[in-house]
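In what follows, chain A forms one complex with chain B and a second complex with chain C.
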Partner chain A sequence: MSGSQNQYDVVYIGQPLEDDSLNFTSIEPENLAGCRGEIGDFTLKLKAGGEEAESKLSTASIVINLPYREELPLEEADSLSGDLSHLLEGENEKPLIIIQDYPDLSPAAVSKWGLEAALKARENSEQRDIYYFYKAMRFMEENDELYERARSQEVIFLKHDLGELNIDKDGVEYKREDIELELEGDLVMAPRLSPAQGTEELAKKLNIEQDEKGYLQKNNVYLQPTLSGKRGVYVLSGARGPNALTYQEEEISYTLTELKRNLRGVEEIDDEEREIDDQKCIVCYTCQRVCPHGAVQRDDELNSMTIMDKACQGCNLCISRCPAGAITRSGEEERELSAGTQVIICENSASIARDKAENDPLQGLEVEEVPCVSTVKRENIFSRLAAGESEVLVLGCISEACKHLTGHDRCEQVIEKAKDDMQKLDLDDSRLQYHRLSPRMAQDLSTFLQEWKGEVST
Partner chain B sequence: MIVGKRKDIQEIKDMLPEDMDDLLIVGCGTCVTVSLDGGEREAKSLRDLLTLYYRENGSEVDINADAIKRQCDDEFIDEIENEIEENDVVLSLACGVGVQHLAIRFPEQVILPGLNTTFYGRTSATGEWEEMCHGCGECVLDRFAGVCPVARCSKSLLNGPCGGSEDGKCEVDDDIDCGWELIYERASELDMLDRLLEYEPPKDWTTYRDGGVRSHKNPEFFGSGGE
Partner chain C sequence: MSRIGVIGGGIAGCTVAAELAEAGEEVLLLEKDGELGGNIKNFGCKATDSCTKCNMCLVDSIFNQVSESGSIETHFNTIVRDCLDQGDNYSLVVEDDYGEKQVQDLSEIVVATGYTRWSQLETGTPEIFSDERIVWASDFEDMLEGRKDQLSGRSLEMELGYQPDSAVFLQCNGSRSLQEKARYCSRVCCGYNYRMAQVLRHSFPEMDLSIFFIDMQEAGFLVELSFADLEEEEIDYYNCKPLRIEREDEGLILHYEDQKQGQMETIKTDMLVLSEGIHRNDENERWARIFNLQQDDDGFLRPIWPEEQAGIYLAGTVTSPGDSAATITQSREVASRIINNRALT
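Right after this comes the complex of A and B.
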C-alpha cells in the first residue's frame, strides 16, 4: 500500500470497489482534467472546483466504474432495473406484462430480473395473467431453472420477433399468424442501456478506444473481461458495456487481482526499444491518435512525442504511420529483398494457423513474422514489389481478434491505398493482397493461397 | 496550418519528363507533414512506388527521397542544395509556397508540384481536415462569434444566410455545414445574437486577392537602424 499524500494504489472514476487492502480514492468523471503516464505510474490532473484548486493524483491503476444511462422505451412503463415491489406484491389482478429485447437484445442479467419479477408476481397471485415478451432468453447462473419454473407456473412467453408488437401508454398489441392480443396491465420493460454521460470526454482524456456504442471497451477477445486497450486502466459496469451486468462478481474479482498485481511491479511487453527522434518529431500527434493502447504522450521538455515503455504493447503502428519518419525500433533490420512471393504474417493469427496446418502452406515463400501487420510500412510494400517479379501477401487478423484492436484495420487501409495507386499506374495490383484469418483457419490459409497464386499467375 | 493533398499518382507520373534519368522527391516537414501527405513518409513511399512503376515499364530512373523542415525558408533548403543540383528533376511535396520557393532558389532546375495545396484548416479528426480560413487579410472573427463567414459560408455572406440553408446544411453540398447556422448557434451560446443584427458594410476585399499580389514587412526589421 502506498502511503504518501495523493499517491494511491488505484483511483476509481465513479464507484469504488470495497477492498481494504488497497489505498484508493475515487473521483467523478467530470472532475478529471487529464491523464499522463502509464501503468504503475499514472498522474491524474483534477479540475479546480468550488474551493478546491487544481490538483494531481498519482496512482498505479485506474478503474472506471460508472453507471449505465438507462432509458425506457416507453415513459409510462416501469423499469426491470427498478424497485417493482408495488407491482408484484399483494393480490394484484391486473395482467403483468414484461418486455425485454425491445428493440435491441437485452443482456442475460435483464432476463434474470424479468424471470424473477414474473415468479415473484406469481407467488403473490395465482390468478394473475403474466405475459413475458422477448426475442431471445439469455442464460446465466440459474436463468434456465427460473425460466422452466416460470413456464410451469403459467407465465405466458411470447417471442415478439415472430410477430408484431406495438406498445403505447394504453397497452400492448401483439399479432402473429395464430395469435392476436390486446392487453392492458402493469407494463414492465427492460431499459435501453447506453454509456454514462461524459464517456466520450473520458475516453479522450484517458486516450482509450471506445466501441461503436461508445463504451470504453472494444469488442475484442483480448480485452476480456475488464481490460481497456490501455494497460492499467480497467472498465466495469456502465463503462464496459451491457454484458458487464451478467458477470459482475467475476469481473470485480479479476479486477482486484489485477490491481494488486500491478503493485508488485509491471514488466514491459517486449524487449524492443522504440524511440522517437525529438529532432524529427513535428508533434503532429498522429502517433498518439493511432496508438490503440494509449502509449504515446507529449514530452513537454523535449517538445516531442514520447512512447511510454510499459504502456506500449508493441504493434509498431506508430512507426508505420509517423509522417515524419521519426520513430524507430531496435528490432527493425534492413531486409535483403528477394524476388518471389513474400508473405508478412501476424504472430497472433497466421503464424499460429501455419503451425497448425498439416503441411506448411507457406513453404518456399519468403515469410516475415510481425507482432501486428500494422508494422507494415507503405513504402516497404512497394520496395518489396519492386524487388524482381515478386508478390506481397499480408495476412492479418479479424478485427475482433486483433490484439492491437485497430492495428489490422489500419493495415488494411494502407494496403487499399497502395493498391489504388498501383491501379492508377496500370500496375497489376493482384500482386498485393491483404487477407484476414483467425489462428484456427489453417485450412482457409491453404485454400486462399492456392486461389491467390492462381489469380496472380493468370 | 496549410493543408495539402498528394496529387493523384497518375497526374504525377504524367507530369514527370519521359527522358529524365534521376528524380529527387522532397518532402516538407511542417504543415503538409501534419496533414499526412507531404512529409518524409510520403516522399519515401512515392519514391518506392515510382521506382516500381519505372522498373515494371523497363526504364531505369534513379529516384531519391528526402525531407527538410520547411521548404519556404532558405536555411533549410541549404541542407539539400547539392542533392537538388545533382538531380534532373525535383518533385516537391510542399505546399505551393514551398514549390515556388525552391524554384526561386534554383531557377534553372525543373521543380514540379506533387501536392495540391487545399486550404488553411484544422485537424477535425484523425486523417481529416476542415477549411477554416481564406487568409483574407482582415480578420472579422470578433464580429461573428468566432466563426468565419468568409471561409465557412460557401458564399462568404456577411449579413446572414442565403435562402439555401436547410437543416443546418449548405445548398452547395449536403456534407457542408451552413456557416451561418454555426455563427447563429455560437452567438446564441455566447449571448451575443444582438451583434448579428448590426449591418455589416461591404468588406474591403483589397486586403484579399482583389488588391493584387500581397506582401508585408515587419517594421521591427526595417527602417532607420535596419536594412
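Right after this comes the complex of A and C.
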C-alpha cells in the first residue's frame, strides 16, 4: 500500500514487547529509510523491498529492541544463551562443563542462565559431574537461591582466576595449588556480547548519538534506564548498553509504562516559544547538528529549519549557535550588563548547590542562570569582561552528568577559544574561569567562591 | 478534591510525588523527618574529573522538583499511625508536633518508607564502632557531601583526624550471610565502593587501595564494572572475605586466605571502609499491619491484593534492595501505573 499512513501507538525496531493494550507493529532495522517528526507524531519511512513499495508509518513512540551480537570464545562450545536441551536432558553421563567470565566478566543474566542449566542437568542426572568455572557469580532475581541450590546439589564451583584454566576443543584443563583437573565433556560457554547489528545506521537515520562502544544510549545519568537523547525513542537490550540483560525486567516495565503515558499526550518542557524565522534561516543545518535532543528538522515547504516543540528540551543551544541569528525565544530579555564580577551558572547544578548552601555564596555577584552553560558565546564573554571591567566565572555540570548530554564539553571549547583570544589580545586570561560541579557540592561552591571573591577583590 | 498520599520523603517517595504532580495530580507527601531526603540525603557526589554515575545529581533534581511543585503539599515531622478504609478512599491517622489528627480523602496511597542501614541494626562486632580507622561506607558517603576539592582542584579532605596512605574496602557486610539475616546480595555495595575508590584514586594517585569481595557485581544501568577496570585504576582486589582483623598502632592488619597460593596472608591498612547492604525497614512489620501487606522471607514488603485493586502502592527499597537509579526507575513506573489507572476509571 504505497503512500498510505498507518497509525501506531508504537513501532518496534526489532523484537516487540509483550503488551496487548498497545497498537504496534515491528520492523527490521535494515528496512528503515528515515525518520521525521517528534514524540507523539513520528513518521518512519520504510525502504522498498521485494514486492513492497516504499511506505510510511506514523507512531507516537519508537522502541529499539535488538539482540546483542554474540561471539563464543571457542567455536566448538555451545552457547549459554542458546537452546541447551540436547545437552541437559536424558541420561547423559558426560561431564557438563559450564564456563562464564571468560575472559571478561559476564553480566548477571549469564550467571542466571548458567545456574539454570546446571540445575536442569542435575535434575535429569544424579550421577553426572557438573563443573562451573567462573570469576564472579553475579546476582539478579533469584540467582542467590539458584546458586545455593546448585551448591547443595553438588555442582562443583571453581573460580578460574584463582588458578589456571586452559580450554580447547578437546577439553578443559584446570590447575590450582590444591587441584588438578583434566576434563572432557559437554562444554557450554558464555558468549561475548557486543552492540546489536545495525546500530550505527540506526543512529544516523533516527538522529540519535551512539556511546563510545557503539550502543545507542549515551553514558549519561539522565537517560536511565532506556531513554535515548531523543524524546519518545527508547533503546533496550543489545541496542542500549553492555549490561542491559541484567536489567531486562526494569527496561521492559519502565518502557511500557512510558509508552502508555505518551499516548495521553505529552507536555512541552517549558512555556517558552522557540522559533526559527524562515526568512532569516540559511538552512546550514548547524542547529540540527548541535541539538542534543534531535529536536530540529528541515521543513521542505518553507525551505527553513524548524524546532519541534515537544522534542525540544529547552537548552537554547541552537539559539546561541545559529550563524544567521534566525532563532528567537519568547522569554528572552535584553540583559543590561552591569559592572562587577559576572557569573553564569547552570540551573541543573550550581543553581541547586547555591540554594542548598547556608548563606548565598553568590551574593554580591552579577549572576545569570541558564538552562545549560553550553549557550555561552565568545562575543558575550568579551562584552561581559568589558562591561564588568572585571572577571567572568562560568559554572557548569560534571562531564557526563549534563542534562543536555554534551553541554559541558561545548562550553569548555568556547572557554578555551575565548582564553586563546584573550592571550592574543594580551589580556590576563585568568579573568575568565570555567569550573564544573554537581548539585551536591554546596560546601565546595561556598568555599571556592569565598576564596575566589577574596582573590578577585585584591 | 481527592489527593494521592505518599508516605516517605526519600528518593522513592519524592520521585512518585514529582511524577504525579507533573501529570496534574494533587499529592500529599508525609515525611517523618524535618526535611526531604531520607537515607540518601547526605550522600556525596562521587565525580572524579568526570561523572562516575552515582546519580546524586539526578536525585537532587527530583528533590528540587518536589520543593518547587505547587501541587505537592509536604508535611514534615509527621508519623503515620493508621490507615482507615473509607470505601472508595482512605484516611490516614497521623501524628505531628501538635498531636494526632486525620487526613482524609486520599484516593491512593504510596508506601515509600525505604530501608534501614545495616549499621543501624544493632548487629556486627563491637570493635567496629570504637576504632576511628574503621568507617561505614555511609559515613564515607556523608563525608563526601562536604567535599571541597572539585572546584578548587585541591585534594580531598577527609574528616578522619589523620591522612590515610592506604584504604581497604570490605564488601558483603550485612549481605550474603545467614547470621546477618540477609541471604541475598544487596547489589549496591560493589558499585558505591568502586566509586568511592575512584574518588580516592583521583585525589591521591599514590594511595594504596584494595577491595575485598566474594563476587564482584555490576554497578547499575550504566557502569560495566570489571576486574580490568580495577586494574586500570590500580585498585587491588581480593576474591575473598578477610578472616580476622587485628588493630595495631601502626595500622589495621587483615588476615585472609590466598586461595591461589593456598596459604594465609596479611595486608596492612590505615583505613577500612565497611560496605552496608540494604536491609528491610525495621518498621516493615508495622507497615504490613497498617496497610494489609505481607513481608517476604527477607522482611521486605509485598502486596497481598493487587496494587491497582487496593489502591495501595509500594515504591523503592521498601520492596527490595536497589540502587538510586533503580529506585528512581521503579518509582517512576509506580507513578505511571497510578496515572494510567486513574485515566482508565
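Things to note:
Everything that follows uses one rule, which is that the second predicted complex is superposed on the first by the 323 of 458 C-alpha atoms of A that agree within 3 Å, B and C clash if a C-alpha of one lies under 4 Å from a C-alpha of the other, contacts with A are read in each partner's own complex, and residues count from 1 in each chain.
The criterion applied here is as follows: a contact is a pair of C-beta atoms (placed from the backbone, for glycine too) under 8 Å apart; a residue touches a chain by one contact, two chains touch by 3 or more.
Predicted model only: the values in this text are computed from it and were never measured.
Touch criterion met: A:137 reaches chain C, while chain B stays clear of it.
Once the two complexes are laid over each other on the shared chain, residue contacts for A:383 go to chain B alone; chain C is not touched. Of the two partner chains, chain C is the only one touched by A:163; chain B is not. When the two complexes are overlaid on their common chain A, residue A:289 makes contact with chain B while staying clear of chain C.
Comparing chain B with chain C, the partner in contact with more residues of chain A is C. Once chain A of one complex is fitted onto chain A of the other, the partner contacts of A:401 are limited to chain C, with no touch recorded for chain B. The residues of chain A shared by its contacts with chain B and with chain C come to none at all. Across the complex, chain A is touched by residues 8-10, 13, 29-30, 33-34, 36, 39-42, 44-45, 47-49, 51-53, 55-56, 67, 123, 126 of chain B.
For chain C in complex with chain A, the touching residues are 22-23, 43-45, 47, 49-51, 53, 55-58, 60-61, 64, 145-152, 176, 183-185, 187, 215-218, 220-228, 239, 259-262, 325-326, 328-330, 332-333, 336-337, 339-340, 343.
Listing the residues of chain A that touch chain C in their complex gives 104-105, 107-108, 135-140, 143-144, 148, 159, 161-163, 176-178, 219-222, 224-225, 241-243, 246-247, 250, 253-254, 257-258, 260-261, 264, 267, 348-349, 352, 355, 397-401, 403, 435-441, 443-445, 447-448, 451. Note for the complex: chain A touches chain B at residues 280, 282, 284-286, 289-290, 321-325, 377-383, 385-386, 418, 421-422, 424-425, 427.
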